[in-house]
Amino acid sequence: MRQIRTDLAMESFQSSGGEGMPGVRVSHWETMGVNMTEVVVEQESAARALGKAVGTYMTLECQAVRQRDLDARLAMANLLGEEIARMFHREGDAPVLVVGLGNRRITPDSLGPQTIDRTLVTRHMFQELPEYADPRMRSVCALAPGVLGITGIETMEMVEALCASLHPQAIICVDSLSARSASRIGAAVQLTDAGIQPGSGVGNHRKSLTRETLGVPVIAVGMPTVIYAATLARDAMESLSANVSGEALDSVEQEMLKGDAGEMIVTPREIDDLICDAAGIIASAINRALQPDLSEEEIMALMD
Amino acid sequence: MRQIRTDLAMESFQSSGGEGMPGVRVSHWETMGVNMTEVVVEQESAARALGKAVGTYMTLECQAVRQRDLDARLAMANLLGEEIARMFHREGDAPVLVVGLGNRRITPDSLGPQTIDRTLVTRHMFQELPEYADPRMRSVCALAPGVLGITGIETMEMVEALCASLHPQAIICVDSLSARSASRIGAAVQLTDAGIQPGSGVGNHRKSLTRETLGVPVIAVGMPTVIYAATLARDAMESLSANVSGEALDSVEQEMLKGDAGEMIVTPREIDDLICDAAGIIASAINRALQPDLSEEEIMALMD
Amino acid sequence: MRQIRTDLAMESFQSSGGEGMPGVRVSHWETMGVNMTEVVVEQESAARALGKAVGTYMTLECQAVRQRDLDARLAMANLLGEEIARMFHREGDAPVLVVGLGNRRITPDSLGPQTIDRTLVTRHMFQELPEYADPRMRSVCALAPGVLGITGIETMEMVEALCASLHPQAIICVDSLSARSASRIGAAVQLTDAGIQPGSGVGNHRKSLTRETLGVPVIAVGMPTVIYAATLARDAMESLSANVSGEALDSVEQEMLKGDAGEMIVTPREIDDLICDAAGIIASAINRALQPDLSEEEIMALMD
Amino acid sequence: MRQIRTDLAMESFQSSGGEGMPGVRVSHWETMGVNMTEVVVEQESAARALGKAVGTYMTLECQAVRQRDLDARLAMANLLGEEIARMFHREGDAPVLVVGLGNRRITPDSLGPQTIDRTLVTRHMFQELPEYADPRMRSVCALAPGVLGITGIETMEMVEALCASLHPQAIICVDSLSARSASRIGAAVQLTDAGIQPGSGVGNHRKSLTRETLGVPVIAVGMPTVIYAATLARDAMESLSANVSGEALDSVEQEMLKGDAGEMIVTPREIDDLICDAAGIIASAINRALQPDLSEEEIMALMD
């Protein structure tokens, strides 16, 4: 079975024909105007078929977020915060490390670093300013490791080195994602306990950020910001005619991938605003999940 | 005849079937590794057929520019500077006004404002610092008028108001363009004496920046930075099969335009760097064309 | 009488010995934790003595704003909005033009442009999207004209040209100010109906933005972001000893002005955050004053 | 003996009375229009007296750099590159780690991160793209660790963790400095093999980046970008009268430090451009010193 290029497990599942696949459980529900989809990949065989590692993948979708509706953004942040809290049970005083993946200087790739800018970090207050350290605060630290071409250091190397030094109890990674459907760009957030795996999601453990490689729970949160141009074109062709064979589609997609459009991305014109909104939503959700005993006002006051 | 969405006259010509169209002359040549194409639209009937106003359109193309090759960028800046100088004959002391169109905060739309940042302005030196005003310097002023949603003022209104006040002898407009072919994104520059016309290029004179509306020569320079997603998809479909009818293609394109992908753009992932390079090339060409009596070193020293 | 370098009329008044000066009325009051000072310069003789043009100058001061306290920022925005509304009585449908002075790329000078980014502009909605134009909305347009060295165009020329074209009923200018007292940096806002006058505030009408030069009311709003280094040093010296003569102080200040420190500025290390906060406060006040029939939520929703 | 607040060893030496201090050797020379001063702190007693750790401190000064003269910037980059190469002898294939200290979002503190953006990193090419890895290239990696308030992680912790993982053969730290003399802001660069020590330079080893704490040579490079306001005021007072006692000066300085001006900084208005120039000079010097077998053109081509 051919795998389409998408970082969303729910899209991998849909394009694989869905429903009857053994080793995968899918549920849908709706709350506060947000469509929730949970895909649980239970078996390695399903993981290989979907190109998504074993684990739970929650997708929250809301078109009004893309329209920049304020209430929708608040609802999304609330629900995402609850889901993060549900996925990760804090124990003890060890810090949580939030990692913002991606390149700050490439707009559609800057969601991770921009989220870090809005995340409440507190670890240093316990060490440096114990008089300000409210006992209700939990220890959080954060890092935007940059990208290989700028640092010469693999993200995995940097996170591994920090884990050995900081001994976090868990890691939350934030990253820009690709999707298949244009309707999900800027409108969906995926949350998973499977961590982050480059490429197909199976193999290449050397670069994976997962519980297996890092020894602590790794939760990944991301919003789709781009579609690969070849994926968009393939889908457009598919919609043209049910008669076009899969082989013909594959060959056109391969042609495109080899050509100038191969590595081009499809993105909304207003991508800068969209990333800014998404960073606000995800940071707000992380702050609530990691600081359950602080009110929103207290978090805002500490952020300034 | 159906018009594809592109700002490049050479692509409008190609997609119209090309060659035999009355009222259009096309020539090609190659120099210093840059492919030059000149499309001269001589008659109104041809303008309507192509969706491009009467005038001369030069396109300079060089794939090595997209690869960020330093020599290619210098060659492109040199040739573009020569073509601008050829298109516009300076007379007298009145200033030239350079206008950077587009939105500084939307990366693929920021070519105009970023070019203005690198353009040598001198008009104030004659007025404020006559002792620094080298007699070999020519008067240049510049403006990035911003976009309607941020200022509430139409670009045409602002340029018209400044023309009435500054009495420039000519206007050079810089803008981001759309193309049809992925190979031209970041690799081509179009220069025209037809000015800038929103939409189809015919009609809607109220918003046009042209010699007709402003009373002075208006030269437009731009680099394609995006493809419309629907255009890319249509082209992919077309390449799939010669059997697909134009009507079928049109209907799929219309579907896409109505959907979420309709207003999405296709752009290289490295668009921030690409815009930065393009602004450097175009500003360098403008500076050379407008300051023929200054050396490159003198221009650089004055820019700092 | 010697004039110290400050853009705040209340500081000019204080340093002139204050109280008994004929032609000046001063009042103080306090509300919602904000200290209000109103200086009314009534006569030309007083204007020359203070180096501030005839007019009303309101200063709102609140140290908690500098500490980035959220409630204090809201109180400041509310009070400033009320004072702007009190100074300017809207009549008819002509737009108000908001002008953001200063250089976007020099942080302490970027208050004007950053405020423009957060100002609700509506003029184009009446023209382009009348179906979205709520009849309760008032027409506002905005401009960040940039600085002479970047555009080659005097701010006054640009604003005058736009006035002739747009026929605004009033102009609100926003600018970064200098102060004498370190305690007012980031903590005070000045509002005046005297407009903006470069240098001493008297003479040089060619470059002034005032009701006299532009023919419509000109309100200026600004926050002090810097102290001139020579002013700070002079004040430090003065505090050292009551015995130091004014001539000795003047001569040291002159020495400093001639040296490397002459054009240096004194500014808080956290100036980037401070400007960001100030732009938010001033834009919020302007939006409320100019859109009295819209709720804060409606303004926010329209801004996005 | 009282120590003034400056990061430049040559200024500590000058203000301590200079010349006869045991345990310190000072030499001056001039080359290519750049004034070179070498201060060698040889004994612990001298280190305590100066507040600068034992080591060699080179200062390169050139007023034309502050005037943004192109030739002066090239000369400074060349000489600084030679001095870095003289201070550090590369052996074997282990990478050099370049660390950019400071806060990217506070302009006068952003020299370190901005320098990292212009440093050629190559370590990943040896690992990921061995086919592109010219054998003449040396391994370099880079990091801008951010600041404690944003990451919750001490710079020293992060660098220590990376050292344990990457085993660099040496570390080069880049940071913004404070100076005493306004003439050195933007015009001088200090280079030292003493590493970086917060505060007085003695004690507090927990946070020092030095050969002692990290186990490999640590070279620090920096440009003064600010003067502390209290230092400037004290110097102004001192210049007023030889009669003012040191105690009186100390007490005024203490008053200022307690007041609003205490933590204010004195900086040129054009600080954004100045930092940009300085980052270019220092990165260029580092690139030449670390890649002695590549030409400048090859370095530029690899940087793009």
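The letters A, B, C and D name the chains in turn, as written, and every chain counts its residues from 1.
To be clear about the criterion, contacts are C-beta pairs under 8 Å (C-beta built on N, C-alpha and C of every residue); 3 or more make two chains touch, one makes a residue touch a chain.
All values reported here derive from a predicted model rather than from experimental measurement.
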item: Chain hops separating subunit D from subunit B, counting only touching neighbours; value: 1
item: Winner on C-beta contact pairs when A-B is weighed against A-C; value: A-B
item: Approximate Å spacing (C-alpha centroids) for the pair subunit A, subunit B; value: 38
item: Cα-centroid distance, subunit B relative to subunit C, in whole angstrom; value: 38
item: Separation of subunit A from subunit C, taking each centre as the mean of its C-alpha atoms, in whole Å; value: 44
item: Overlap residues in subunit C, where contacts from two or more other chains coincide; value: 273
item: Touching residues (chain side subunit D, partner subunit C) in the complex; value: 105-109, 181-183, 185, 226-227, 229, 232-234, 236-237, 239-241, 244, 248, 252, 255-256, 259-261, 263-273
item: Complex interface listing, subunit B residues touching subunit D; value: 68, 70, 273, 297, 300-301, 304
item: Residue ranges of subunit A touching subunit D (in the complex, touch as defined); value: 95, 116-117, 121-125, 127-128, 139-144, 146, 148-154, 157-158, 160-162, 164-166
